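Just dropping this structure here.
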């Protein structure tokens, strides 16, 4: 499906289930897509950070994306992360993503190398000019160690380079300024910058982002509870902020599962992604909760804590 | 006045007007306090970062605090920043603040030196034990270069060391988790951790913070438009989130004045505090918009931009 | 050639000359290798940061490495950078590098993702176990945003995972501690940790690193003046520290060319790599000084400053 | 004594012995000064970071400085740290230091607040103009979170604002560039920038810094082994770099005492300063190894490790 309307709503970054050899478990991934679409999500983001894209070889990336596109079957749009260090490498991923049927691309600023706003602008423009799919900027300083300035995003929104922003910067004040400067909800729907979608990756403050005028959310823990985020989104759209806030609070408590892996023993990625995948396994959605090497596996105690969090949030495990 | 109830509402960090020699302009400061109290604020935070506390000698700090306490005249509580590198030095400021009539203290983690969560905990406990005033933790990593973890704040809330938190960390997700873990709005008012006030320093997302259950806000630009923040707070308390959000958007546009000083020419402190003070001068509240040395003064062009922002926000200058 | 002896001496990270379409200019690269080997260098590091590895597609990486190996023709060992985000992707590069005839591999810690020392250790061990070539750890926090601790390097040296370290961390004190803990010059040659090579990437303090017991240097500006670094190395080996220091000072002045691109206008990578390549073009070694997109090209004024630096260092341009 | 010649040699930052109530133990401090002067040091730096200046009230700072000046008795110059957030506060410390007999001042860039190079330049110039003592810039990004650029230091050296630099930035490459740009050893002694002293605070690479042309060193662990650093300095001055390097290696091993406090249990300041003071107590120089609150005390096991390090370095404890 093409992105005829501005992207909005709940667009989870789809986890990539793996088998014990690290290969993509396509049967589990197909079930996960079903779980998300059945939960009412409005789009799917494949090959994002939560998808462990940085851990997947090109062949595994292709398998994962193809599986998501096939399983989505046009019911919701599929965005594909094209994550690599610089323009030439990203462009190759973008071409592959288009061939595999992605509806839009999500790209970060260059990383590993030291860069500059003028170079970042050139990077997005070249990418947009080379591969003809809507392009979302992925602002994720924790991964790429530079921040997309609101001024740069605005410039690339106004000249049509970008179709939207996936903001994982955690800078909610900056995002608020950007939304106001782009003209607010009204301006973005019908103003000088039509069809620019602002999606927040800050999954603990989605009610706030929607109140501020964001179009949607890309919640990692939306893999585990897509219906919860859809309820939150619907409440916000209906103007029932008290209900939205209560749903958000339930999801905040569920989210605490990301801390099950003790900080001194494993990386934050191992702990958070391990928890999401353990939850999906406990819920019967995927077969194997393993994360990609060299991430460390959760201990049995940590998995037990994930189980508790699921119970606490009203999502009883089936295993 | 004493803090019998949990602190809530709009508690601006009071700017410190200076004369050309860098001395505290007590007449202007007295007028500024009047401007704020007339605007309906619920408390005053003297000697905070926005008060240029880091630029004031001990004598000037005392003059500023004494002036604020006298001008407030018990109508609203006065919190006093006790900002210094480590416990012994902070304690001296705390004793002075108590003598001068402050109703509560606001202290950061140690800075300049490298510290540790166990040392930070000891710091706050010793301070609370030594000077008998309610103590607020001031989480401001941009100044002290360490972050108060939610776990530490919770521990110090539960054992009664802290009466509240002034959060200027910008970590809205972490703040949301803290509020949920402390028991939410209800829990804080009537639960195991009574009287713990969460105040956000993120002045661009106050509607969001209040929706999340924060008790109040400490907005730097509240010096310029206290009544605006009070309207925002009142709308939120009344559950009129659409109105709160619109008021916030107006304040976001007003806030853009902090960027009038070009980044390559001056520090962020010079630009933001210079803009606030220029606005207060243009509004006829204070006599002199100068910031403390070695901050750089705004150019005439920059002041003209401040003037535009005031007009845009419906706050016409009188000069 | 195989690495039968511990790697030592001057091992420049070989620049990758490009044509106007961004393809590897193999004729220029072959001439550059000749320039370096004729200058007396002791090894070549292909596909490092200075080689713009992060900008090269896999096909271009292969072309560059193959060209360097062929041109080196066994006269000096060729180390190949295998730079990618995590283990599975790095392993694919490592297999290719072995097939193309590299004598050793140089790998960083995982990047883009958040990691942990235990995961970093697993990463290097898996890599060493999978591809049978000597493995060097590349400590470059400015690119990967984590630092290899001396304790971790020591552990991986002692268990035979690592053949050496390329230290671009800038932490000279930490490097000194590591060298002392590994047993000093003598210990490394004939002690419990034989054949562990410490190479510094800090090209402005090579005399100091050699005095401290480092085995060699990987100097980016060694592309421009390989003979200068070889003279510096030889003087140090001969114990003539006054001569080594004077040669280093001349190279410090030459190195100032990295600042020709004004900071507000381009990234540090554009400026430094652009200067090296401009110098190589001016010296007649390569045909085209272009850097890879989206790096910005040097202005004519900047190139003129490079020309001055070459004259100042006694390296008269031929163009 | 006045600083008639450029400062050079070994200038330890003098530890501040404390009693159990946190008061300055003047008898121990007097003995420590004797230990240092007897060890052959060329100057004393009171009220530096290693002196725990950030932990001392103004009264305790005055006591410490007065004691050091009295005990030095004109045998070596005394530099006084004037460490505070901004110019007005630093100026007050500077006036006190002059009254108490300091021979020179050591000041950092402003901290706590966000600053700018133009403001930093104004800060040092105002300070130099206000208090008539030679002024050293203290570049310590780990404490103040900004770096003095070589260009700024050079500007302030050339206009006579600064008499020297105490470099604790760890950026040895940048320091090398500065020394070369200032004209090298010869230039500084007899060139356009006379009497500018470059002192390194990187105590693990002093041989390297002296080889590069630095004038001296400010070594924290020089409190414990002043004679060792003097031997290192003398060897370097005599051109015996092999001897200098061996002495440095012994001191590197001694320095490892800073790690005795486990990282997860205490701050780096507690561990390093606690080790220095424990060593001084074990050597019989001071009575009490306590560090200032809220730093944590070393455990008995940690003190035992300090004892081992002393034995290993040929400095047998007397207690």
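Each chain gets a letter, A, B, C and D, in the order it is written, and its residues are counted from 1.
In this text, a residue touches a chain if its C-beta (ideal position, glycine included) is under 8 Å from a C-beta of that chain, and two chains touch if they have at least 3 such contacts.
Values in this document were obtained by computation on a predicted structure and should not be read as measured data.
Peer 1: Touching both subunit A and subunit C: give me those chains, sorted by label.
Peer 2: Neighbours common to subunit A and subunit C are absent.
Peer 1: If I average the CA coordinates per chain, which chain comes out farthest from subunit D?
Peer 2: It is A.
Peer 1: Would you mind reporting the rotation angle for the C-alpha fit of subunit A onto subunit D, rounded to the nearest 5 degrees?
Peer 2: 180
Peer 1: What's the call on subunit B versus subunit D, same or different interface residues, using the half cut on shared numbers?
Peer 2: Looking at both copies, the contact residues mostly coincide.
Peer 1: Once you find the CA centre of subunit B and the CA centre of subunit C, what distance in Å lies between them?
Peer 2: 49
Peer 1: Averaged over CA atoms, how far is the centre of subunit A from the centre of subunit B? Could you give it in whole Å?
Peer 2: Distance between chain centres, rounded to whole Å: 35 Å.
Peer 1: If every chain is a node and every touching pair an edge, decide which shape results: line, ring, star, complete or other.
Peer 2: Basically the chains close up into a ring.
Peer 1: Write out all the pairs of touching chains, ordered by chain label.
Peer 2: A-B, A-C, B-D, C-D
Peer 1: Going by the contact rule set out above, which residues of subunit A touch subunit C in the complex?
Peer 2: Going through subunit A, the ones touching subunit C are 22, 49, 54-57, 60, 83, 85-89, 92, 110-116, 118-120, 122-123, 126, 142-145, 265-270, 292-296.
Peer 1: Could you list, by residue number, the parts of subunit A that touch subunit B in their complex?
Peer 2: Its residues touching subunit B are 170-173, 176-177, 180, 184, 202-205, 207-209, 211-213, 239, 241-242, 245, 248-249, 252-253, 255-256.
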